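Structure, as structure tokens:
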Amino acid sequence: MKGAIFPIGLLLLASAISPLSAWSVEPDSRRLRGQETLEKITGAEGRRVVDSLREISPELGDWIVDFSYGDVFSRPGISLCTRELATISALTALGDARPQLKVHIEGALNVGCSPNEVVEVIIQQAVYAGFPRALNGISAAKEVFEKRGVRTASLKPEAAGATIEP
Amino acid sequence: MKGAIFPIGLLLLASAISPLSAWSVEPDSRRLRGQETLEKITGAEGRRVVDSLREISPELGDWIVDFSYGDVFSRPGISLCTRELATISALTALGDARPQLKVHIEGALNVGCSPNEVVEVIIQQAVYAGFPRALNGISAAKEVFEKRGVRTASLKPEAAGATIEP
Amino acid sequence: MKGAIFPIGLLLLASAISPLSAWSVEPDSRRLRGQETLEKITGAEGRRVVDSLREISPELGDWIVDFSYGDVFSRPGISLCTRELATISALTALGDARPQLKVHIEGALNVGCSPNEVVEVIIQQAVYAGFPRALNGISAAKEVFEKRGVRTASLKPEAAGATIEP
Amino acid sequence: MKGAIFPIGLLLLASAISPLSAWSVEPDSRRLRGQETLEKITGAEGRRVVDSLREISPELGDWIVDFSYGDVFSRPGISLCTRELATISALTALGDARPQLKVHIEGALNVGCSPNEVVEVIIQQAVYAGFPRALNGISAAKEVFEKRGVRTASLKPEAAGATIEP
Amino acid sequence: MKGAIFPIGLLLLASAISPLSAWSVEPDSRRLRGQETLEKITGAEGRRVVDSLREISPELGDWIVDFSYGDVFSRPGISLCTRELATISALTALGDARPQLKVHIEGALNVGCSPNEVVEVIIQQAVYAGFPRALNGISAAKEVFEKRGVRTASLKPEAAGATIEP
Amino acid sequence: MKGAIFPIGLLLLASAISPLSAWSVEPDSRRLRGQETLEKITGAEGRRVVDSLREISPELGDWIVDFSYGDVFSRPGISLCTRELATISALTALGDARPQLKVHIEGALNVGCSPNEVVEVIIQQAVYAGFPRALNGISAAKEVFEKRGVRTASLKPEAAGATIEP
């Protein structure tokens, strides 16, 4: 359906100039859907990562756009915010993917998750992946929040009391 | 606030009978809150796990109830369904926690997530933790769905077409 | 280029019968290439895995065929045997993917690797991922070799002496 | 220094019969030291594992004896019990090495650690590697303790109260 | 029992000023015990980490003090040095927790382990988690030893010869 | 057999000066074989790593030379290039061993693998260990290629078209 709003003449022109990377115009619905979803989640950052792969492995960039964002993240069934929270949860648990974790903490905020929700799924990993990974996840979140000017001091007044027993 | 509805007389009585395990009556709001949340999520299964620890390490059982469920899972901020989906995501990514993954797939269904949402966060791990862990996660889900009689054949008519390009 | 030998009339017919799974005829070069590569590597086993996903998550099966085998494993640049050895190496290192490891030990033999090469990359993981994962990898190889009647006793006469100092 | 108590005549004889595996008599101090340490820690079990490798990868068996037990575990500096507790800690944290974890829980008991110490380092992993791996570690310990008739019910009367606040 | 030496009047006062973080005075024996153990192991460093969480996730800081150090590390049964060696072993094996590993290498020295013992459990991970993680663990130890002026050149005269065969 | 070309007089002399580290002359075939293989693969870099261990843990350096390179990497059965590709595959999958990954990307080039082959096994990990680890592996390769002046822009003309559907 997205293809429908893409002018067919441009498509033909595009295929004539032999597109070679994820960001050339290309008449492929996965590509277009992937680019759109990638931009919705990561803003310009995802595109920057894909572009950085152009010289060493453009196909890895293509797979990110076509498969990760075109096939997987564009699926209906759960909201983009829930997808991003699930991604943050997995990346915190894996523990060695800080650059990607930061991209998806930004992504979660971009698609409407609250900073509070991001913090919740990260600290929950103290239970499943252990405190070091939860701590390193929170440190990544702190960097993102400071960069974006999210005021963390007043983040969760209601939650602050929740762990203090009377 | 939960403590407020707990009769103070019972509390005193309870402390007099010297509770020794997670499932004795004990005047501790974390314990009560944890037991309640554990039961809400896992039904009788969580209690069975905690009981199985009684002889070898009752304190590990206490920590599950008091810390994991009393402190962490009882927090406000995200819904229990989102918590369970984040848990499923992390356990699929960790890859070596099949018993716990199955408990939380049941837990997700118990707190109102749809089978479809469970499947979505598991297959998304093909992107973040690789296909083998996604496959093993789906195999765990399949066992749970079959046990509970969830009809997977008609799981997601709308999604079925989503990955097929025209 | 493979698309070129696929009769265009059949393609139109195929698209008319609305294929819904990885194993229906479908006019997609990734799908065809993926099925071919999957079969070359895993014989009927890969197809069995994909089929087992039909009811719970047919799209995960599609991704295995289209992305893993159509996009990645069908690439030129290294031989299929080297790809399989690299896969065995990674799966041994990850440590929690025994079913997939066994499929790819079979796959390595199917595409012409020798049992000796399979054993070499597994035991090398004693250095990189530690002895337990190397041991569990060898135990998986042993099961596959016994099933296929690979005579392991005489596997590597030359190598047997290699670690014994005079 | 251990070599000093090994009769030199036997050594010469041994080298004449051209030993081919870890368990033949062989004039190598690493081999002898490794066999001795392996037996001290694992009893007959380690030898059984090494023997099971004879046909598929005798060199992996050699490395276990010569390197793991001859070079590493035979070192002075920390007691064998502390080594075994450190091993149990690492194997619980890695999470996917249950057979090896069970061997070393037995090993810890064999070299004089108490069941209580074994339980302590396993449940401590709830903090560092998360609850699922701690739980799976305890389940491995439970199997070992039951097999050996370690009475877990009365394991740690003093510790039982330690996590219960007055 | 530690609560007994805490003046009850101060406790009441403390609860009146509504403590909000792990480092306010708070009438909870887990908190007090945790703070004491955390300080014994990490000196001022652990408190600095907990304080750094105050704005983004004070509850994660609370859990570190109350659960990790109050419930787990304060337990009897094994010495603090053995606990720290087990922690170093697990963190080296997990591989992606360098900041925490450095804190606990310092912690091990703080509670009376020798530098030699620290080195032993790290290099032992060459066997269980592979050489890269052992190497990265040793590199962390090197940084800590240099910062504290531990003279590593003369670390272990007796051990130096242990791996050299005559 | 390598020992045969080593002058026996020098051996006796060498043993008289009591070698203490991996890089002293020492009459041990594993040591010599290991040094030779280590240098063939890593050039001066491996020696630098081993030397950096001299003060904190010379035995870890010995084990790298004697066991990892003398016992494992010196084995016949697969080519050094295949060994290095298997190593790169495992290190990319483990995810937290960037320094070692970079050493072995250089190693692969040193023993005759093409940059293209290195890229292939890294991006293949998108399937087995997930996209974040594949991306971080490619970023390590990029640093190595830039340092060595490998022209990545023209890396794989033939492969570039392989993932673009017509």
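Here are some notes:
Labels for the chains are A, B, C, D, E and F, by order of writing; each one numbers its residues from 1.
Note that a contact is a pair of C-beta atoms (placed from the backbone, for glycine too) under 8 Å apart; a residue touches a chain by one contact, two chains touch by 3 or more.
Because the structure is a prediction, the values reported are computed rather than measured.
Among the remaining chains, those touching subunit D and also subunit F are A, B, C, E.
Counting steps between touching chains, the shortest path from subunit A to subunit F takes 1. Subunit E maps onto subunit F through a rotation of 120°, based on Cα atoms and reported in steps of 5. Ranking C-E and B-E by contacting C-beta pairs places C-E first. Taking the mean of the C-alpha atoms as each chain's centre, subunit C and subunit D sit 34 Å apart. In this assembly, the C-alpha centroid of subunit A lies 30 Å from the C-alpha centroid of subunit C. In terms of their C-alpha centroids, the spacing between subunit A and subunit D amounts to 44 Å. Contact with two or more other chains is made by residues 28, 59, 63, 67-68, 71-72, 75, 91, 94-97, 100, 119, 123, 125-132, 159, 162-163, 165-166 of subunit E. Chain contacts here are complete: no pair of chains fails to touch. Those residues of subunit C that touch subunit E in the complex are listed here as 125-132.
Within the complex formed with subunit E, the subunit D residues making contact are 3, 29-30, 67-68, 71-78, 82-83, 85-94, 97, 100, 116-117, 119-121, 123-129, 156, 158-159, 162-163, 165-166. Those residues of subunit B whose C-beta lies close enough to touch subunit E in the complex are 59, 63, 67, 71-72, 75. Touching subunit E in their complex are the following residues of subunit F: 15, 19-20, 26, 28, 49, 53, 55-60, 62-64, 68, 91, 94-97, 99-100.
Every residue of subunit A that touches subunit E in the complex is listed here, in rising order: 95-96, 119, 122-123, 126, 130-136, 138, 141-142, 145, 152-153, 155, 159-160, 162-165.
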